[in-house]
Structures are given as C-alpha cells and as structure tokens.
Amino acid sequence: MTQETSAALPRRTMPQGLIAARNIVVFLTRSPTSLFGLVVLGLLLILALFAPLIATHDPYMQDLQNTLHPPSSDYLFGTDELGRDIFSRLVHGSRITLTIIFLVTIVVGPLGLIFGTVAGYFGGKVDTVLMRITDIFLSFPSLILSLAFVAALGPSLNNAIIAIALTAWPPIARLARAETMTFRQADYISAARLQGASPARIIWRSIVPMCLPSVLIRLTLNMATVILTAAGLGFLGLGAQPPLPEWGAMIATGRRYMIDSWWLVTFPGLAILSVSLAFNLLGDGLRDALDPKQMNRR
Amino acid sequence: MDPILDIRNLSIRYQGSAEPAVRNVSFTLGRERLGIVGESGSGKSTVGRAIMRLLDTAELTADKMTFEEVDLLNASERQMLKVRGQRMSMILQDPKFSLNPIQRCGHQIAEAYRTHVRCTKAEARQRAVEMLEQVHIRDPERVYDMYPHEVSGGMGQRVMIAMMLLTSPDLVIADEPTSALDVTIRLQVLRILDGLVRDKGIGLVMISHDLNLVRAFCDRVLIMYAGRLVETLDAKHLDRAQHPYTQGLLAAQPRIGGPRGPLSVLDRQDSWLNAQGEVA
Amino acid sequence: MKPITINDLCITFGAVQVLHNISLDVKAGECFGLVGESGSGKSTILRCISRLNDSWTGDVRIGDSAVRDMEVSDRCRMMQMVFQDPYGSLHPRHSIRTTLEEGLRINKLDDREGRMIRAMRDVGLPVEFLDRYPHQLSGGQRQRVAIARALILEPDVLLLDEPTSALDVSVQAEVLNLLVRLQKEKGFTYLMVSHDLAVVDHMCDRFAIMQHGRVVEVLPREAITQGGATQTYAQDLIGASLEYEHAI
Amino acid sequence: MRLSRRRLNGLTEHGFSILITLFGLLILTFVIGRIMPTDPVRAMVGEDASREVYEHVYQQLGLDKPMWQQFLLYLRDVVTLDFGTSIRTGQPVLQDIARALPATIELATFAIIIGAGLGTPMGVIAAVNKDKWQDQVIRVLSLMGHSMPIFWTGMIALLIFYANLGWVGGSGRMSQFYIGLVPERTNFLLIDSILAGQWDVFWSALNHLILPAALLGYSSSAYITRMTRSFMLDQINQEYVTTARVKGLSRRQTIWRHAFGNIRVQLVTIVALAYGSLLEGAVLIETVFAFPGFGQYLTSNLLIGDMNAVMTCVLIVGVIFIGLNILSDILYRVFDPRTR
Amino acid sequence: ETPADQLIVGFNMNNVLTMDPAAITGSDAVQILNNVYDTIVRLDPDTKKLTPSLAERWEIAPDNRSVTFYLDQDATFASGNPVTAEDVRFSLSRPIELTLAQSTWLVSRGYSPENIGEMFEVVDDKTFRLHLPQPDDPRLIMMVLTINGPGSILDSKLVAEHDDGDNGTAWLTNNSAGSGAFTIGQWRANEFVILNQNAEYWGGAPAMSRVLMRHLPESQTQRLALEQGDLDIGYSLAAADLTALETNEDITVETVPSAGFYYLAVSMEDERFANPKVREALRYLIDYDGINTAIMPYFGVERQRPINSGAFGALPDLEYTLDVDKAKALLAEAGYPDGFDTTIHVISTQEFLDSATAIQGTLAQAGINAEIITGGGGQIYGAMRERNFELLVGRGGGGQLPHPDSNLRALIYNPDNSQEAGLTNYQGWRTSFMDEGLNEMIEAALVEPDAEKQAKLYQDIQEEMEAAVPSIQPFSERVVTAAYQDDVDGIIVDPWVARFEDVVKNR
C-alpha cells in the first residue's frame, strides 16, 4: 500500500449509530439554547413518567369548598374553578402532551418518509399521484385542516391526534421527497442498482438513512407546531375533553376566571410555551448538529 | 524593481481548525506571472484569498505582507475597499457559480467599474463593452444583456476576466481560472489572459493544480504541499526540480506518447512537512 | 472475457435527442476509450449499457446476449461500473464492509468474508479498512473501494466513467496503475470515458471521439501522436491536447 | 419554494395539476361537510321543534338524497359559484364571507407588514452575524415567537394593554357604539371609515387592530426571520458574493445588492405563505379578541355544524393557498431569469 | 362611555339564526324580537300575570273553548299600517302553514293547517276570536301568545309587499314587520343586531334612539367592557365575573327567576336506569348544596321539584341531600353493590360542565364510574333525542309559560313511548319515561276550569311524581342574571319578557 490518510483515525469499537448519538448529545449540550431544550424535554419526560409521584394531589379530585385558591404551599399553582390542584393537573397533563407527541410522531414520521421516498425515488406518475395528494393536504394551514377534521370526527383527544397526524405528514413527505430527489441521481444509488438491488431495498437501505437526519430535524421542529395545534384545538373546545388536564383546554376553561385568578391560565400557558420552545430550540440545535450539508461534505 | 507583493512567513488558520491551513509561506511577486501548484487541499486558494483579505474569520499572521505601498496586514476594511477590485482583483474558478445569476453579465461588469470610477451609467457600459471586445467576445453588446445562465462556460469565464481587468489592476490572482472548462476552450481563455498580462504589464498569480499549465504559462512556480511552500522554481526549469514531491508530481503524470509502463507513484515523506520554502 | 457490441443506440430526454445512432464495437479484453467535449453524451452511453437509463432504443450486447434480455442478476455479474466522483459514489452512511457486502447479499454469493478480503487485497487496501466509513478515506482510497465494489461480483466488463478526473495527479497515477494491473490479471474488457487524452493514450488501445451525441471517429491509440484523425473535430481535439501539453 | 421549482414543467401541466388539486379539495370539503356529527337541521329548527318541522327542513336541504347525488349537486353549485345559505346567518355564504374576510384581511395585512418589516432585517442581521451574539438573540426571540400559544399571549396582552393600562381598544373591530354607523362599501373598515369621513371610527378601528395585529405579526415574523436567515446563509456562501467583494464592494453593498437580491423571490414566496398562514393564527386570535373575521366565522360555524359555511370556508382557505402558491410560482418566473 | 341615547347590550347570540319570528329558536332571539314585534297580550315581567298589549282587553268564553280579543284602536305597525284582526290571523297562521319552528307551540295545542281556518276567526277589523280545538286551559294558550314567535304580530301588508313567492320568508330573515318600539336596522349573525327607534310607536316612542345588541359570548369580555364603560348591559356573564362586578359601585347586578331547570336525566332504555331503585339512588348522589352554592349562583337556585316555584300550584321544595350510604344501600338493593360504569353527556358550557363534573365526583363515591362526554348543544341534545345516552346533565323543562302544565308536559308527559312515535319535543319520551297515570292526571288538571281545584290537581301530580321517581331529577331552578351600568334604568332581566322600550339613561 502506497497511500496514507492524512489524519490518524481512532479505532472504532462502538457501533457507529451509538457514537453518532453520543456526539450529537455532546454537541447539543455545548450550546446553552439546545441545552435548555434538552433539559425541558427531559423534565417533561420525568414529569410524565412519575406523574403520580410528583403530583401533590389527585388531578381529578374536586374540592368545591376550595375553588380558585391562589398559589400557596398547599396548592403550588393554586386551584381551579372546581378546586382541583393546578400543579397536579399540569403534571398529569404532561402525559397527554407526550402521548400526543408520541402518537403523532410514530404516525407522521414513517408515513411521511414512505410517501416521500417512494414518490421521490420512482418519480413520474407515482410521484405525480402522491404529490397531488400531499398538495391537497398542504393547501391548508394545519390548524384549519385539523379543525375541519375534528369537526368532522367529533371533538375528542383521539380525534384531535388523528387530525393532527393527518395534517402533519405532508410536509414531511415533501421534505423526504425533495431529499430523495437530490440523492436519487447519486452515484452510490446507481451503484446499488448495478448490484441488482430492488427498488424497495434501495429505498430502505440507501435512501431512508440519508433522509433520516433532516426528517428527524423537521419532526422535532414540527413537534412545537403539533403542541401548539393540540393546545389550540383544546382551547377551542375541540381537543381533549374535560376533565382531562390538557393544557390548552385548561387555558380555555381558566380563561373565564382569568381577570381575578391569573394562575389558571398563566401556568398552563407557560407550560405550553416552554415545551414548544424546547422543541424548537432542540430542533434548531439538531439542525446544526446533523447539518446535512456538513454530513455530506467530503 | 519594487515587488508588487511581498509576503514573509504567512500563516493562516481557519476558525475552528487546530492546524493552520497555510504555514510560513514567503514569496515576492514582481511584474511577472507566478504559478502556485500543489495537490488539492494544499492551501493554494487560501493564500490567494488571504492576499485579497477575504478571509474575515481566519486567523492571519505574517512578518510582512504588503501590496505595493499598502500594508495588507493592518489595512482597515475601508482601505481595502479602495484596493480591492481597483488595484488588485481575482478571477474565480467556475463562472457558473461566480456570477450573480439574476443580474445581467454586462451589468456586473459595469458595476465593477462604477464602484471605483465616478462615471455615468452609459460610460460604464461603454467601458464594459470595450472590455468584452478585448476578451475576444464577438458580439459584446448582445452578451452584455445576457444572463449568466445564457452564456457558455468559456464565455462566462471571459466575462469574469473582463470584469476583473476592467479597472486595470496591478495584481490579478487567478484561482484555477480554467479547470472547469474543456481542453479546447481552456486554451482560448489562457491565450486571452496571457495577452492581457503582456499588454498591461500586471503581476499575475496563477493558482492551479495542473503542472502542464503552469509550466507553459508562468514565469515562476511555487510548489505547495500541505500548507507549506516546498519549492520555488523558474517554470522553464521545472524539470530540474530538486524536491522529491515536485519530482513525484511530474513523474506521476501520464503523457501523450509517453511510455506505457506503470506510472511512478508519489511516496510521501514525513520530512517534507518540516521543509521550509525558501524565499525567492 | 466478453466483447461489447453497440448498434444504433439512440436516446432522447424530453425533446432533446442526446445520443444519435451510436454504434461501437469493443473487443474482448480491450481497453476502449471515449473522449469528447462535456455534454457530448459519453456518460450517457455507459448508463445505457448498464441500463441505468432504460429509455433507449437500439441494440447493446455483451458477449452473445443483449443486455435487455438478461436477468438482473446475470447482468450484474457480467458488468459493473466505476463512477467519476469517488466522493459521491460511496454511500456516506455505509461502512466499507456494508458497501461491499451489499452486492454479495443481493446476488446470494457465499463466502462473503473471503471474497471481501480478496477484493480489498486486489485493490491494495488493508483489510482493516473494511470497518471504516467513506469520510475516513482519501479520494484515491475511495476510488479503490469503488473498484473493489465492482470487482467483487467478478464481472467480465468494467465501465469506467472518468475514474480519475476528480483526483490529483499523484493519486490518479495509483488508480491508473491499479486498473492496468487488474486488466492484466483478470482480463477485463474496459470501456473508459475520459476527457484527458493523455490518460486515454496511457490506458487504451482504441478510442472514439464524440461530439453532440455522435461518434465522430474511432481511432487507434497511435492516431494521437501520429495524426491519423480525418474529421475536423477529432483533429481539433487532438491538436488542442497536444498543444496544451507541450506548449501554450 | 420547492413547489415552484417542481412546477416549472410548463404551464399546461401546471394548470392541469391545479385543477386536480382543486378537485381533490372539493372532495375533501364535501366529505368533511357530510360526516360532521352535528345536526344542521336541528340547529335550524331548534330544540323543541316537532318531527314534522324537522323533516320538512331536512328535505329542503336535500339531505335525503343519496351521497353521490349530493356531491354532484355540490359540484354544480360550486361551479355556478352558489355556495348555499348559511344555516346560522340565513344569508348566502358567499355574502357572509365577503363581510368576514375583509376584517381578517385587514388584520392579516397589518400583521404581515409588522411581521415582514421586522422579520426580514432581523433575518439578514442574524445571517450576516452568524453565531455572534446578534444571531443568538434574534434566534431566541424568533423561536419564542414561533413557540408561543398565540391564544394565550393574546389573552394576557388584552389583560395588560386593555384592561390594566387602557392603551388599546378591547375586543371587536371598533368600540361597540360605532358599530353600524359606517356605511359598508368595501367592508374594509379602515377604508370605509375614511370614505365616510368618520375619523373617530377610523381611529377606533386602528386602535382595536393594533394589538392583535402586533401579536400575529410577531409570530409570523418569527417564521420570516428564520427563513430569511437560512436563505441569506445559503447566498452568503456562494461564490458570486465573493466575486462582488473582489470587485471592491463593501460588505453592506454585497449583502443588499447581491445576496439580498437573490433571496428576494424566495422571500416574497415566504411572505406570501406566511400571509396565508395568518389565516390560521386568525382563527385563534379572533376568538380571543371577539374579532368578527373569517376565523371566527369558521369556528362558530364549525361548532354548530353549519355545513355549507364550513365547506365553503375550507374551500376558500384551500383556494387562497393554492392561489398564493401559484402567485409565488409566477413570481419565480417573472423575477428569476433562470426560469424564463 | 357609551352615548346617552344609545343602549349597548352584550349578550350571546349563538342561537340566533334568523329574525323571522316564525323560525326563531331559543330565548336570545325572543329577547331581540320582543322589542320589534308586539304580541296581543303580554306577561307582566314581575308578577307574570297576563296584561294587555295589542289587545286592550279580552273575553274568555264560559265553556273555555274560545277567547275574543279586542285590539287597541290606536295600534299601528312601524310601517304606519294599523294593526287589524286580519294581521293577527295572518301572523298566527303563518308558522303553522309554513311548518316553521315556532309552529310547535300551537300545533301541540291541537292547531293544524287544516283547522286554523275555523279556529282563527276575524270577527271585525279590530276583533279577533281564537277558538280552542280541544279542551284546554285558555290561560295557557294566552300565555303561548305572549311569546314572541308563536305570538308575534306581523304587518301582513308589508310582508305581502316583500313576498317573492316564499311568503316573505327571505325578507323577514333580515327585516322586521312589527309594531314594536324598535325596528331592525341591521342584523349580523354572531356579531350584532341594531335596533332603531320606532319614533311613531303607538305606545310612545322609546328613549333610546338606537339599541346595539352585541354578540359577546365571552363573559370576561363583557365584564371588561362593562368595567371600561364600553357596554351598558351584559346578559351572559359567568359567575366569577358577576361576583366581581357585584363589588363595582357603578354596576348593578340583578338576578331574577326564569324558566326551566338544571337536571340530571337518565335514559330508561338502559336497563340499569329502568330500575327505580337506581334512579332513586341517583337522587341521593347529587350534592345539591355544594352545586348550588359553588357552581350555580346567578344561574340557578336549589329546586328538586320539576315545577317552577313561581307557577301556581307549586309545592314547597323537597329536601333530598347527598347521602352516599343511602344511595349505596339502594344500589345494593337494585343489584349493583359495587356500582357500575356509565357515561354522562353534557354541553360544554361552564355551569353544565361543572355540575356534571361535580356529579361525576359524587357518583364515584358510590362506585359509579361515569365518563363525561361533552359536546355542543346540538350534539348532546341530539344524542338525547336519539335516546342514545345513559346519563345527561342538561337544562330544560318548559316554564316559559308560568303554568305548571308547561313544566309537566316538557318533563314528564309522554303519550307514546314507542321508538316510532319520535316525540322528541317531550323529554319524557327522550328519556323513555312513561307513566300512564301521570299522563292522565296532567291532562285532567289542564282542562279543569275551576282554578282552585286545578291547583289541587297539580299538587297531587307532584306528590305522585315523588313516588314514581321520574327519569329527570332537577337540582336547580334556572334564574338569570344581568349586570348593567348604574345610571341605566328600566332594564328587564328575564330574556323572555325583556324589553328596552322603557330604558332611560340618567346622565
């Protein structure tokens, strides 16, 4: 062998995926804003996991003698119009938020990825048909489309999730398609075809891994929108139904008492704001960490 | 004769990288054609851009770096605005990317003129058209009104040259001006460049990875390796190069009508990294 | 060892006909060059032969069988391609092992480990490199991997699309040497695109000059130095190349 | 933006694809209209109506016909621009929307002026100072705007600026007692009040507009800032920007004359899309501010199952979006020499 | 500050879908039209007694089968046309002939398109005789005629002018043809109604030159506007805001009795609730005191009997209380010692929702797990009409007429329990409750001509009902509350009888 690489390369023992994940986390913790995002989401996760332990009261337990109690040591964030402890409701509400995020992600991610990569890889008629469908969905702002869907399905948390998922996949599909289009002509795809790989294999093995980072970033950023949409639906009375402690719905009901009892809307609002901000910051940080341009650099 | 450019011990480190991209490079340039060759990543463009002071974020150190009377090391951006484009300019590699896609070619040429010379639009246009003629464009009025995507690569490169030579600079840095072009067009562009340099007597720095080109076109050649200057030679005497890297590069090239045996292959030595380029 | 026969190959993209009735004969075991200006359709010919583009008309045969009628797996085992840009031809997220193994898996070949090790030896890379990723390799090393990927399926025909034009001279020499050596050892038929007549002269026995999707002339190697070209464009091209190399 | 590049394959195909999208839109709205669980007939006849009354209206609405017939009727109506009568208002839906939409357009236009006026320079500043403190500050500011639940911020702002400080007008389009005093010509209150020479109504309207518009504007400026920044970053790293600097242009000149010129078209597209999605923000903010616009029309009709109105609203939103996309395509064709 | 000659009213007009009196639904529209259309008789806002309006006097026939109305000689419509008996006939017939929503009232009293020709008799220009198609209480029918809707008197000439082949329906949707103190200036659904002074009002022109009734569904918006002086009256304020306004010196908060009840209904389709023990257990699982003190102030006062306390013959209230043990025992007797799972349908309006949540909580104490299902009025009552619910917290039960029959018919009466009957306007039918004995008692009481005997009969019915455990258990009797600027006088709070003709501002 006559050639040498310029830099000495460390021996690899861990699988590439793990190393990458670790690197990304390390990268994220280096920027204060992404760190904030990570911490808030970690907190959300802990709250949701240990909700019954953290909550000081039963979130559904009414105490009509103790309604609209301002924040105090008994009721950290005060009580609502039915005497329920707002702190505990917020804590339990994090489960709803996480459920929404989780369900939407596992529907939207794969769906968008499959639609997008298939359309992008095959092009032609397949592309036209699939993209027409996404176009139709994309020709609405997501909240209005979800509104229409929820109205059609009847208001409930599940329907809100379905509606949000239905409106959230087209942008992902679009993104995956655009990415696929840039890779489709790449020589390594041609090489795979020359080795006899079937289209499904090419999409799965070669294209999906390439689209994944940007789809992940987009999904993370989308989560902020999903949370806001869900809260908006809850606010309009079309999302989670009482007595579920969904944050948007809490604001909607708390709104009737807002002037005198500020704590009813302030805390759920802050909760929504910080989680959605956390997702945005994290997505932004991820974009820097996983920058597709950097990754494809020679 | 005063050198146009005098550089001593120039080192450049890009922000965020540990190793300097260029270290301890020294050379002077008179009214001549100086070639800089080296493999990809050896720091050729970096030197060129450093001279133009285009590397805002990179860390730049040198014992001395002057362009005529201007101290490039300490000149403020404001001073540089007077120098850049008027007294020194740079021809970039790929016309496809180096021209603003949404402005007409002629407009971009004229803008270069109007930035430095007070004149009316019509005058600038006049000058630009003349310049287009000088770079052997047959129908300059028409090309003036074309968009970059409408002209061919060779033509685009000529537009670029016209733009950069319009203000009659003393120093022109050409960063791989022909490597995006076909062989036949490449020759035409080089001839134009050559003619202009001869007529106007400017100093030209020609950056290239192509030994053949530099050998034929330049007066003197700097050989760069991994950010260092390993050798400085007269172009004529390239075949008599001392440094094994230069020798290796020359031998590795297939030549038309050459022997068909295996090409010799560069055997890189760590000791090359310690070599100091001597000041020419 | 198989010859390539191309007859009346035409292809149209949209409204533009890119290839006009191309007919070429590449002898078994020969290295055949394709030169011509950018956009003249050189790469397209290779992509048609390998059926990466499928909308062409005409007849392309390797050995006795037409590529159109071949089973996918047979075709893959018979012909492979090396691409111009070593940076773009390896999947950035697949290790070298994955890259090489993929073809073996698809074509259900046994003794995968052994074959991979042999392929790495053939292209002169250390076996440890199997666990590296493309971004950990230099351009020349990548091109070697790309060649190994082609070799591993033991094809008869290698299509080379400017395999060295993205590389430095010093690295180009290594790759060219490797290709020459492999041809000697394994007796491949090469169809090689290049824009550099010096490379063609070094590697090929015969070459075709192309312009605007047509083959202008097919010439033996000697025509470069001895001036056997009859067509104007061919003469221009050879002239320019000679002039470029010797004196500007 | 991506949309447009894809659609440069010729005008006919373009038109055809729009038609197909529109058709899909119609199917979607029809389906939404028909599966709504709320009962429009009951909404019309009221709680205590007898069965005869109910069935009388049911047939009047044509709900007894088979689905496909209803769809064909719907298609015919749409083609003849007859969107039926709203159950809730008893008026032709189109007439209702002609009244509600101008209010929202007024709001959205104000918002977009604030949003683009703030967002574009902030985006450019952030891009030019990438990774410096300016960039960080702008980044957090704009992500805040992107993350805030606008209905919540609206409520809090209303509480602070109207209830406590009394700086701005409260809910509605103008102070209550001006309602109905201005003759309706364009339904744009600002214009109508000027036409009628009623300046106090004009000021009152402006006063009521400023807070919701500022909030909407902030949230859309967040988006515009982010996009401007990334467009700008793309351009700043292009070779032609270096060329411009080599020519001797100052940084300012390179940025505004060259880089910014190249993002203009993309920017217009983004602003157009942001303008469209203000409709979305309007749904929530209009609810909070009791602002009688399109968003409120849509939500209140949704809740009572006013089929015709909902279908038409959804259709109109879709058409507006498709229209904005076409507009941005056209802008591409007009402004980008490469696509001509 | 609002202008001195304009009245700015905030209320919720979600249910106002038309200005055509024959097609309106609900009390909000009545509240508007009261100012536009006069009826032949009125209810006194305070005493709920019948008082003259367009008819200056009336005579009830001794056999109780007809009433003769003598119209005021001076009464004119806003158009200037005199009010004639022909107008009365036209107005009363119109809903029935066109099968519009408001026909229900008279149709349920036996009128039909076939018989109105005989039943509505124009005696002379100013005399109108109303015949009763079946034995009935004429007072009850007169009470129906006090309501704007079935009783609105339209200017038949004016309507005829605007008849485009639709009997003027399209025109009436946006315009008025009444004789009231105001005319409709402009109506925007879910936005506002502007009422313009009828300067020629036959009862004397009102003080306000213009009334703006603004749709402000948000209580806090109304409150802020009241506090800022942008609003004169707020009609749909929530409890918390009323409490706060109570302390505001410039604002008066007034609560008056109204019609109907807040109740917990069960569907007897469901075998569990068909069991009277279970229904009785539910009686003891409502925290009447808690709900009425914490949730219902300004909306309701405790009442467990399904007859409005203001109606004649009403008995004093019952005294059920939350008694979980007793309920558990009853449930055990019924065979549900561990309770069961069920659902509660409820409208997503605050006081309903809060009550339902409270009931959900107390039910849980007896092991009944109730999931709350919310929705708009259409959805929730829709489910009730389809008999597709288990438990439901709602409001209703007649009472717009101060007559016990109005409550009993709405809540208890159910002549035919079959699915096909589809008597969706009877809540008895909706909840599948049918008691032949009670039906007969209700019918008998109505036609009893002797007032004292009649009251006694109604008392008997109430006692009978306590034993029968009907499907609907009221927990609160509806009251309504409005808040208005102190310097505004002459405001009537109850929307069924509210009119702005006497409103003045003391500025």
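Letters A, B, C, D and E name the chains as they come in the text, with residue numbers starting at 1 for each one.
Basically, a residue touches a chain if its C-beta (ideal position, glycine included) is under 8 Å from a C-beta of that chain, and two chains touch if they have at least 3 such contacts.
Keep in mind that this is a model prediction, so the values were computed, not measured.
J.: Of all chains present, which has the mean Cα position farthest from that of chain C?
T.: E
J.: Once you count every C-beta pair in contact for both, which comes out on top, A-D or B-C?
T.: Between B-C and A-D, contacts are more numerous in A-D.
J.: Please report how many Å separate the Cα centroid of chain A from that of chain B, as a whole number.
T.: Inter-chain centre distance comes to 49 Å.
J.: Between chain C and chain E, what is the separation of their C-alpha centroids in Å?
T.: 89
J.: Just the number, please: Cα centre separation of chain B and chain E in whole Å.
T.: Going by mean C-alpha positions, chain B sits 91 Å from chain E.
J.: Spell out, as numbers or ranges, the residues of chain D touching 2 or more other chains.
T.: In chain D, the residues touching two or more other chains are 37-38, 163, 303, 305.
J.: By residue number and range, which residues of chain B touch two or more other chains?
T.: In chain B, 265-266 touch at least two other chains.
J.: Return the residues of chain C touching two or more other chains; collapse runs of consecutive numbers into ranges.
T.: In chain C, the residues touching two or more other chains are 139, 171, 174.
J.: Show which residues of chain A lie in contact with chain D when the two form their complex.
T.: Contacts found on chain A: 33, 128, 131-133, 135-136, 138-145, 147-149, 151-154, 174, 178, 224, 228, 231-232, 235-238, 248, 251, 255, 258-259, 265-266, 268-269, 272-273, 276-277, 279-281, 284.
J.: Where on chain B is chain D touching in the complex?
T.: Going by the criterion above, the answer is residues 52, 54, 77, 81-86, 89-90, 92-94, 97-103, 108, 111-112, 115-116, 147, 149-150, 160, 163-164.
J.: Any idea which chain A residues touch chain E in the complex?
T.: Against chain E, the touching part of chain A is residues 61-62, 64-65, 67-68, 81-82, 154-155, 237, 241-243, 253, 255-261.
J.: Which residues of chain E touch chain A in the complex?
T.: 218-220, 223-224, 238, 240-241, 244, 287, 290-291, 293-295, 348, 350, 353-354, 357-358, 360-361, 372-375, 379
J.: Spell out the part of chain D that touches chain E in their complex, as residue ranges.
T.: 37-39, 42-54, 56, 86-91, 96, 99, 158, 162-163, 166, 170-172, 175-177, 179-180, 290, 292, 296-297, 300, 303-305
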